[in-house]
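Below, each structure is written out as structure tokens.
What follows is chain A paired twice: with chain B in the first complex and chain C in the second.
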Partner chain A sequence: MAPDATTTPKEKAYRKLNTSKLLRDTMTLHILSTKQASQQGRLAWVTSGFPVEIPVAFDVTAAYPEQYGAIVGSEKCGPLLCGFAEELGFSQELCSYARSSIGSVKNPQQSPLTGLPTPQALLACNNICGTVLSWYEAVSEMTGAPVYLVDMPPLEGDQPSHHLSYVKSKLEGLIEFLSQTFNQDYDEEKLIQVAELSNEAVSLWTRALEACRHKPTPLNCADRFLSMAPIVALRGTQQAISFYQAFLAEVQDRVKNNVGAIVDEKVRLLWDNIPPWFTIYNFFNTLAKKGVSFPADSYTHAWSANIPRGEILESIAKVYSNVYLNKGLTAKIDKMCSLIKDYDLEGFVLFSVRSCKRYSLGQMVTKEEITRRTGVPGVIIEGDMVDSQQYNEAQVETRVEALLEMIV
Partner chain B sequence: MATKSTLSIGIDVGSTTTKAVLLDAKRNVVTQYLLATGASAQKSVQKCLDELRKSSQQDLTVVPVISTGYGRRQALNAIKSVTEITCHSVGVHHLNPEIRTLIDIGGQDSKVIRIGTDGRPLDFELNDKCSAGTGRFLEVMARVLEVSINELGSLSLKAKRPSTISSTCTVFAESEVIGRIGTGESPSDIAAGVHKAMASKIATLSQRVGVKSPVSVTGGVALNPGFLYYLAQAIQTELWVPREPQYTGALGAAILALGGGE
Partner chain C sequence: MVQMSTPLTYDALIAARHQEVQELIAAEHGLIGYIYPHAPLELFLAHDFTPILLWAEPKIPSAYEASLQTFCCAYSRNLFSQRSKEHMPPLNAILFPGGTCDSLQNLGDVWRARFPDDTVLRLTYPVANDDMAVTYLAEELRDLSNHLEVILGKRFVMELYQKAVALIAEFKAAAQFIAVARIIRPSIYPYFEYARLIRKFLTAPSLNSLTEIESVATHLQNELRKEQCLPTTEALRHGLLAGHIPDQIEIQSTDEPRIMIIGGMVDSEGVAFHFDNAKANADLEDLEIAFDLLSFTYRTTFTKAPNLHFDPFTEMAQSILSAPAEATQEGLPSRLTFLRRVFEKLKIDGLIICEQSFCDPDQFEVPDTLKLAEQKKVLSVRVPLDPEFSDRARLEGRIQSFLETLTAR
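Presenting the complex of A and B:
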């Protein structure tokens, strides 16, 4: 039965999206396509902020180890897979996406989906973190696949021309690397077409995110974190567009009919960082029962920039250099303050992810600064995205409850 | 709308001790009780309620209870559970409305809370990941020095040259203390070093929310004169301590229960 706006005693505090099935089907097909691509020698492992339009234009299928980390976390086998990497000597302090990825390569039979299919290339871009290079080098040693790094040095303020030229040269290097690795010529027209497909999916996704300004919000945090899978993994493909057309239609329908993601929205908060995948439903749905929604977060909004018109490589260099994780703390604080204002949020939760140093760096200063600028209170909770050994539910609960007591 | 009660109970189920306070409608303490939480928080809650009933000689069956502390969910008869952050703020505000910063040192955590003029928390920081900076740290050190936890504070005040305890980890600090004993440093100097190390840890936590005077210290560790001496030095301000600092959270819970939990 389709959910409606009325509350019955048996109704859950949150409403499942009808497009959940389409999402599952879309991602299952994607997983099958990565297996096929691996068999055909055309699979690349790619970091989440990589300019994926370029390998897609080379008919290379992309698989995402970070997305695989989310699956490992959701399947609650993070400690097991991270442990495999730790047996190889990798530190417990290392990114748990990296540890679970390396662990799955070591012991695929004990890993969800028997790990990601074997790659023929490893494409890393350090605009989201610096760990990715060493992580992919470690996987390269284990699989034999070559690594290419698109180096995007961090930016403060506007991008200087020498920075843009440097990044563009790295993209030219990527084209050469892909041409040689996959024995295919570069086709600029095709890249422009892929970029247009990418922009279309990003626009649909962004419109769905922006619909969450509505009260009650049509999407809660867990909805966005799950529904972002195609915008990460299928950017530049028709499948992503098809999914987000259906997704946006459902979101708009919810807005039109005043149907919230949670049944009784009382408090609207901002979320910062990757979620604790192993308890994502429990965390957000427990709060939903108390009337707490999260209409916006800093993470899923990271995939909402269009590739501008112009010379294609320069445009790609611009958009990927300027992701806010590559732009220093002020850009991220600015973004969160504008989300609080635009989405009319009453507080914020900063998740300090123990093994994601790049995203969690500076959260204490961030908390002070956001409260100073917006006047709304916030709290820092600690844990990890995959490694549940780093997460203490009682401690997290006390902090969030205390925040709610400060707001209500 | 919540109804006002003529009596109320606040129960603070902490990691080390459970505290209960019975209040009358004018917020006077009718009676209170404290015991070790032990292995069963539910049993300690029940024991507290039994003791309040005995000493007040009143039927407390319908008296509203609000629970707080890490075991707050174990008080099954509570009308509501409220975090210790809010309850400590409300409790200390009742005792001294001027207080703007509260430092509460419990058995397994320490917290610094900035309090608004209405007695509600404005901001807070918790240390609950590491036992250094909590009551447990002092318990471990007292055992190594073969003194009771009650003697440790006064012993530290006799120090001539406080030892340097550099580790911020309880386990490694214990090894360090044993090392100091081995080099012949006096128990009072070592005890002072222990308190200085802990005060330094709490001062760092305090800086994260910003210390605004007047400052109060609550929790069982607030009964330790050595810790108070070194903490006042570390944060460079005077400290106000309630007469029975360990009951502050339970008192705040009871005050909230008087108003029906709102």
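Presenting the complex of A and C:
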């Protein structure tokens, strides 16, 4: 069937989730708690792939600069904040999450939410990219907060024992660092409890993602990107579980009643990479009007591994080392091919994010390989997730149109 | 007497590298190409392969567009284009580093996909240098050694390893000495020649290239002995090897400003070549670079040699991880502390910051470096460059006006 604009002007092409209010409230409370934690000297800035269960077990509140970058992008002030970092000498060629974060530290008064509250520690894990270390070291120079790096060297295939021992030693080092920085003893029982809470939230989230195999999909891309906030920021807490219980119930309800995230689903696509935050609604909703949905993406599925039972630090070392971003191109292609198959998708859009070399370099090979393996066509669109100056809307539209023409 | 080479064009520099490699090929050496500076040279030699440091080709037509985006670092793009255009020497294998920077990490994957007949080796580095990091890297090196035996059919030979350790250690000792002699008295030997000798050895490590650099080091030793500067020079060399500058080091003030170059994987020989052109244009022939903190010169050569009495893999790992000031590693605060000390103790007046296009590690480091230079009243210039030095006129013009301002101060 040809995708066309079949909805009437008054009827919205996409359906808002009822749990969006709960999401907003949950995240607002989280923001307030980060402010309070900072005042009490117990706030850490943490990278998205960091084994956050460990600082949480130390009663340290985590704030996520990458998530803040998403807010900056959505508020359309990426160019302004990135510009502040550029005034300090940071190149325009660097990651815009890093630049906007550095810009907000420099000029909090001109930043959304007056920036993230001042951290007492900067916790980086390089299982997502190498940039995070340089970024956090730069922030450390500005704020005086010390950096702890959990080094997880990239893996090729299975994790060898020396890799596991090394990562475990880094986690032990983290425990020592947190004990000293926050003047608190390590409590292994508490860490096990936090890991269980984390697993529960991850399971709920994963079930919601998997429900998108249903036709029509109960969640579109923007829904998932917005509602992943608690799985990133509140893993290991009861708040995350409470939110995802309600969220999953709504998703299941949609499935049961055959209510799609978009009104008239005709084409199902895969999305790859972070979204362009400054135009997230516009991008996905414009396509929704044409009957195009995105039941799966490679990004929000990154938080879907449970910490297995067993020696806790070893289990954490295994799970976080094996995130597929840390496992090279083949693992990523495998993952995307299985999403296409499992979610019955007809094409894919790879967003080449200029900021993010680790996630984006290799997409040309990825595109060819996915089509070769699955037979479905794909397209690469270019831009950035925060810096709207690097995004050419007309060019993006033309490319996506070309893909849709191939599909129908 | 120190031999000075005739001035060359930049193309001639590159041609000389090709010549070195051609000689290896003619002598039927097995070749392993590497990109990241801290490769285990001793390990390759122990497996009877010659490691060659690959370089960016200035005149290569771009041929990466169907495989890599423009925001991949320019150095990686150039290497990829060379391979696509079949411009690389015939290599038995190519070594990609893991865990150093995002561009190279992904380039290795793309390379494998695009050139499936190439033997792509991977050595993944830890971003730390504690005991556990040494253990980890030692195991990675052991795996790499097994790989070389299984895939390329040449086993690790202890005798070759011992010879390799001696060869590399002597090369590094000579390079260290020249670097330090030049810090004490920059005019004692041209920076360009220093960079050329190091590049020559790394392009094709051999007894011949060792002899050349050693004879220069010996000559400089004699000079400094006559001037009674030898103890200071040695103290500084040992200090730098241990990562610090001893208190007793006192650099004599001179009329000429003392210039330092900092940056990552930039071609030191190429930078020196353009610096020399810039100073000639400015009519400042006597100016010399006093010190560099570049990856392919200082950071490669100021590392500890493996100790032959202990496990080779642990020793090689320790040697690699002792590389100083590498921005792909953890530790910005210690790098800045070292830099502050360099500015103060080595009496640096001017700083040239080389910033390679789309190189995250380099580019993240620049603002704090600039800030420190300003605090220490060191005049600095930021020189954006690509590995082909494609905009030579602009590059040289920028350095020239920097040198003119510096000397006017």
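Criterion: the second predicted complex is superposed on the first by the 399 of 408 C-alpha atoms of A that agree within 3 Å, B and C clash if a C-alpha of one lies under 4 Å from a C-alpha of the other, contacts with A are read in each partner's own complex, and residues count from 1 in each chain.
Assume a contact is a pair of C-beta atoms (placed from the backbone, for glycine too) under 8 Å apart; a residue touches a chain by one contact, two chains touch by 3 or more.
Being a predicted model, the structure only gives us computed values, none of them experimental.
By the document's definition of touching, neither partner reaches A:G41: not chain B, not chain C.
With both structures placed on the common chain, the touch criterion links A:M364 to chain B and to chain C.
Contacts of A:E405 after superposition: chain B is touched, whereas chain C is not reached.
In the superposition on chain A, A:A394 makes contact with chain B only, not with chain C. By the touch criterion defined above, A:N126 reaches chain C but does not reach chain B. In the superposed pair of complexes, A:S140 makes contact with chain C only, with no contact to chain B.
By the document's definition of touching, neither partner reaches A:G310: not chain B, not chain C. Of the two partners chain B and chain C, it is C that touches the larger number of chain A residues.
Once both structures are placed on chain A, chain A residues 364, 382 are touched by chain B and, in the other complex, by chain C. Residues 66-69, 71-73, 98-103, 105-107, 109-110, 113-114, 122, 124-128, 132-133, 135-136, 139-140, 143, 327-328, 330, 332-333, 336, 355, 357-358, 360-361, 363-368, 370-371, 382 of chain C are the ones that touch chain A when the two sit in their complex. In the complex of the two chains, the chain A residues touching chain B come out as 364, 371, 377, 382, 392, 394-395, 398-399, 401-402, 405-406.
Contact residues on chain B toward chain A in their complex (touch as defined above): 70, 82-86, 120-124, 126, 128-129, 208.
Across the interface of their complex, chain C is touched by residues 88-91, 93-95, 98, 126, 129-131, 133-135, 137-138, 140-141, 149, 151, 153-154, 156, 160, 162-163, 165-166, 169-170, 328-330, 352, 354, 357-358, 360-365, 369, 382 of chain A.
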